[in-house]
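What follows is a pair of complexes built around chain A, which joins chain B in one and chain C in the other.
Our next item is the complex of A and B:
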């Protein structure tokens, strides 16, 4: 996990490391050039301005309140792998997905793909599969037209015949027949629609696919089909996935790496299996505990009580401390830095102090 | 698979879509809507074929016979079947005048509506999709515009026209002022409706998907958003057609609308108004009835569309 190794601990350390990398340490630079990460986020922060909009409000800057949806998030996604981001709703996962897709630009920090800035990337090089396939297709367009939409503006397929063939190929790849392209979205089932959305995402020949809860809106029986399709496509096409979900079994099935988000911050990150087998951060542990497990009904659970605090008014110190069963005075004051435990990074004072157990 | 093979089902699907379309299905819904549709069809046919149908060309002075002036409708004591709805002070056949007048009213209503949508729809699309400062500015302009009723704008244009232009130019430009006054006073309504619908549509994921692959803003607006907000706009346009027709009639009645040389229903009512108190009621009653039935038919049909689509006016 070379990409984890230069994970930021603290701001100044990170900057020092960057200076070192560009100056005196050619080895690490060479390593980065050899294996360019498909997606690299460095201290990405995104604010939403919460204020009254309108002609008479635009100048009154002091009224603006900032909602920090994503807070200093850094990670790297290796080519051909899946990084999952999990967390409760409202923790900033979807904002993160839109930042990574280039639909939003970060307030602070840098997003690179293959060593380049996100703004210089070819349109469609990063594509997205959305949560709700009902809303993700134009209801008035034939499915074929939606799938081939990406093929025209880029202009790398000149003839109509080539576009037609490529569209059919994309539909076949996701298990639909090219004849299905003549249908309208309302003539398809939810699973078929999501397949069309995946076909559309494939049409632009992406390197990275951002899947924003792609199975949440589907029946359980269809979920597995879509997940298997995504895995098969990854193997066949060498795709990389940024997988956003709150469904932990799904995430465990899909992920190589895992990042757990809480209130806009990543609290634990590392290889998915390491985290699932030995969660360290108290939030991760409570999250895993809260997954229904019918084989252990008698087991006494520790429940994750309460709601996450408002991101408009985040608590000082560790953002998790109001709900954390092992929070101490230090947690209420100081933001925890990332510490490395085997191959996992954790931002928690308790883990750092070696008192990880939850009472 | 060849292209020609797909042509068959494509056409069929188009037909099925038309048959199942919400707007058409509302015809069968109520007898009132059916009657309205029939009336509107009648008015449209009249608008197209009036020159071939009228018993007398009211603008052709040679065909007028002054001895036939002020004839009452045919069923009255002095009535003649040659003038079924009577004649005016110059012996003009009222039925012919109403047929031409209805044509003019419908035409000017549609022209004003076209101007309003040509201004309002693009402004609404841009305001709704862009948002932010531009949205605020455009919508404040629209709000300001809303405070000027069409009559005020028409009087303003008329006054300026009389002051600046020669009498003959002002006369020939009068129809343009009418379209301008009504169209300009209507566009904010269109802009507001389109903006609201665009706001709903622009956040949908299929718009994001189009943005992701680099589809330009104008293509998104024209190919994705406009077709998807089309139905409410159509219904809204239908409702406002009757408003435009009434507004034109009002302006003509007040004398700042169409000149008597190009009479609309409003102009006919105005000229007939002078004779009303002397007992020649038919000169303004029949244009009035025509105007009323046209406007009511449009309103009734638009209402049934609106019920079907579950939308509320601006």
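Our next item is the complex of A and C:
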């Protein structure tokens, strides 16, 4: 794994030594220089300004509070691979998707793509596929117009003929016929609509697609079709995906790398198979345990109780400590730094101290 | 065990004179005391329509075209609307996907519970209040939030309040239509576990309508799989999930990525469920089925015994010449 050596080192000297001891970082640093990664986030933080709502607060002129939706997130996404971000709702994963797509600009930190700042990227290099294909298409536009619209901002194709051909090509890439281009969204099923959204995202030949819960609104048999389509497209076009989801089985199927988010922070990150086969962070472990999995069919006790705390008022120390079964005094005061365990980075005092077992 | 509710050949039509579509085609099932029946299928299969038909909450162009619904020995499909009103809430509790719709934003959770309890049971205000507190404890809702308004609660807490509201009149039957779809995964599992516990404890019967097979496997004692307005397979949960007999159930299970290992490539069922007007004659799944043979196009299969479940599939008819 190449990219994990660049995680924030929150002033912990021994960590560097640990990372060096694992032996993976020197080689990976070289690789990173040779191939600029598709997406690189460094200490990216995003605040939302939140005003007190309600009738009596509208003119009070009180200063807005800061909601830290994304908190010092760093990762790199290598070309042709999929990095998934998982977490409960409100953990900041959709904000992260919007930051990576350039729809929001980070309050702090830098986002680069292919070695350049995100702000200097031309339109159409990074595209997004949204959760709800019913809302993502203009109901009054024919499908062909929605797809060809995506070709306009870059000014890639001058002639009408070329735009027409490219649109047809994109539609057939996603398993639709060029004749479907003449239809309106309401004439299509949910799966077909999501295919249109993918065709539109592909039109400008992007290198990176940001998929924000792309199959959550779809039925399972259609979900399988769309997931397989995304994987086929990745192989054929060398695409990279930033895949945002809360559906862990889907994530396991799609991902090369995985980042688990909790309250705006990444708590565990590494190759997906390493994390799924041996999760280390207590949050990851409880999250995995809480998924009803009919392939296992064993009755498991759900131990992840309660809701995550409000990001407006995050707990001190480790953000997970109020729900963590193995939290100690140290977890309540000190924010855990990242430590490397084989190829996985974990932010947890217990894992660092070698007492990772739960219950 | 005698069943608490029995649905026999329930059919629902949609539409006016010229174009009448059969949306539910002779649905039959029964649920016993303390049992959870999971009704699964993809959108448009008729799951929610089945639930709505049972509580007679069908909307205008849809209407019951035939069949019976027997609850506790009483046919509730033919009683008057006024009598039905007393059945709903008192004998049948319902939980819907969006708990915000079930709760009144202008009243506190406690007020709504007390009102519902007093509406259905002959209790004084203070008795009802005590009962409401008990129910909140039962659904693991913090009692100090008794005076909280719905908007002050998280999604999981709201759904707990909605469950308490559905159950506080102690109905015989609970109908939960996608009760967890709007919630986070860990909360979904908690909620389904809670429902199962309550149903067993109170000896109710429950119909759990969902598209999530993982959740159904966790909570249901038996599963009925719906496709294009029909039940195509029914049986004990373990049998349906581990040894499905209907090709649609098999395809559905294979198209869900497993959590415990990584598959090379997901199997997918080609195409989509046919629209109501375009359901093929014979077996409704014949247009997408890998095992299709001549008989599937000619005649519609009824539920028949297949391995450990009941499946509506000609592959399991004894006299069939199976394709090689």
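Everything below uses one rule, namely that the second predicted complex is superposed on the first by the 318 of 359 C-alpha atoms of A that agree within 3 Å, B and C clash if a C-alpha of one lies under 4 Å from a C-alpha of the other, contacts with A are read in each partner's own complex, and residues count from 1 in each chain.
Here, a residue touches a chain if its C-beta (ideal position, glycine included) is under 8 Å from a C-beta of that chain, and two chains touch if they have at least 3 such contacts.
Remember, predicted model here, so these are calculated numbers, not experimental data.
Colleague: Looking at the superposed three-chain arrangement on chain A, would you call chain B and chain C a clash or a fit?
Modeller: Pair status: fit.
Colleague: Which partner does A:126 reach: the first (chain B), the second (chain C), both, or neither?
Modeller: Touch status of A:126: first partner only.
Colleague: Is A:354 touching the first partner chain B, the second partner chain C, both, or neither of them?
Modeller: neither
Colleague: On the A-aligned overlay, A:138 touches which partner chain: chain B = first, chain C = second, or both, or neither?
Modeller: A:138 contacts chain B only, not chain C.
Colleague: Output check: A:149 vs chain B and chain C. Expected answer is one of first, second, both, neither. What do you get?
Modeller: Touch status of A:149: first partner only.
Colleague: Could you say whether A:88 touches chain B, chain C, both of them, or neither, answering first, second, both or neither?
Modeller: second
Colleague: On the combined arrangement from the superposition, state the nearest Cα-Cα distance between chain B and chain C in Å.
Modeller: 17
Colleague: Mind listing the chain C positions that touch chain A in their complex?
Modeller: Against chain A, chain C makes touches at 42-43, 154-157, 184-190, 192-193, 211-218, 238, 241-242, 251-253, 255-260, 262-263, 265-269, 272.
Colleague: For chain B, which residues are in contact with chain A within the complex?
Modeller: Going through chain B, the ones touching chain A are 1, 6, 9-10, 13, 131-133, 136-137, 140, 204-206, 208-216, 219, 224, 227-228.
Colleague: Show me the residue ranges of chain A that touch chain B in the complex, using the header's touch definition.
Modeller: 53-55, 58, 98, 101-103, 123-124, 126-128, 130-132, 135-140, 146, 149-150, 153-154, 178-179, 182, 197, 200-201, 204
Colleague: In the complex formed with chain C, which residues of chain A make contact?
Modeller: 88-89, 189-191, 219-225, 227-228, 231, 246-250, 252-253, 273, 276, 286-288, 290-297, 299, 302, 304-305, 307
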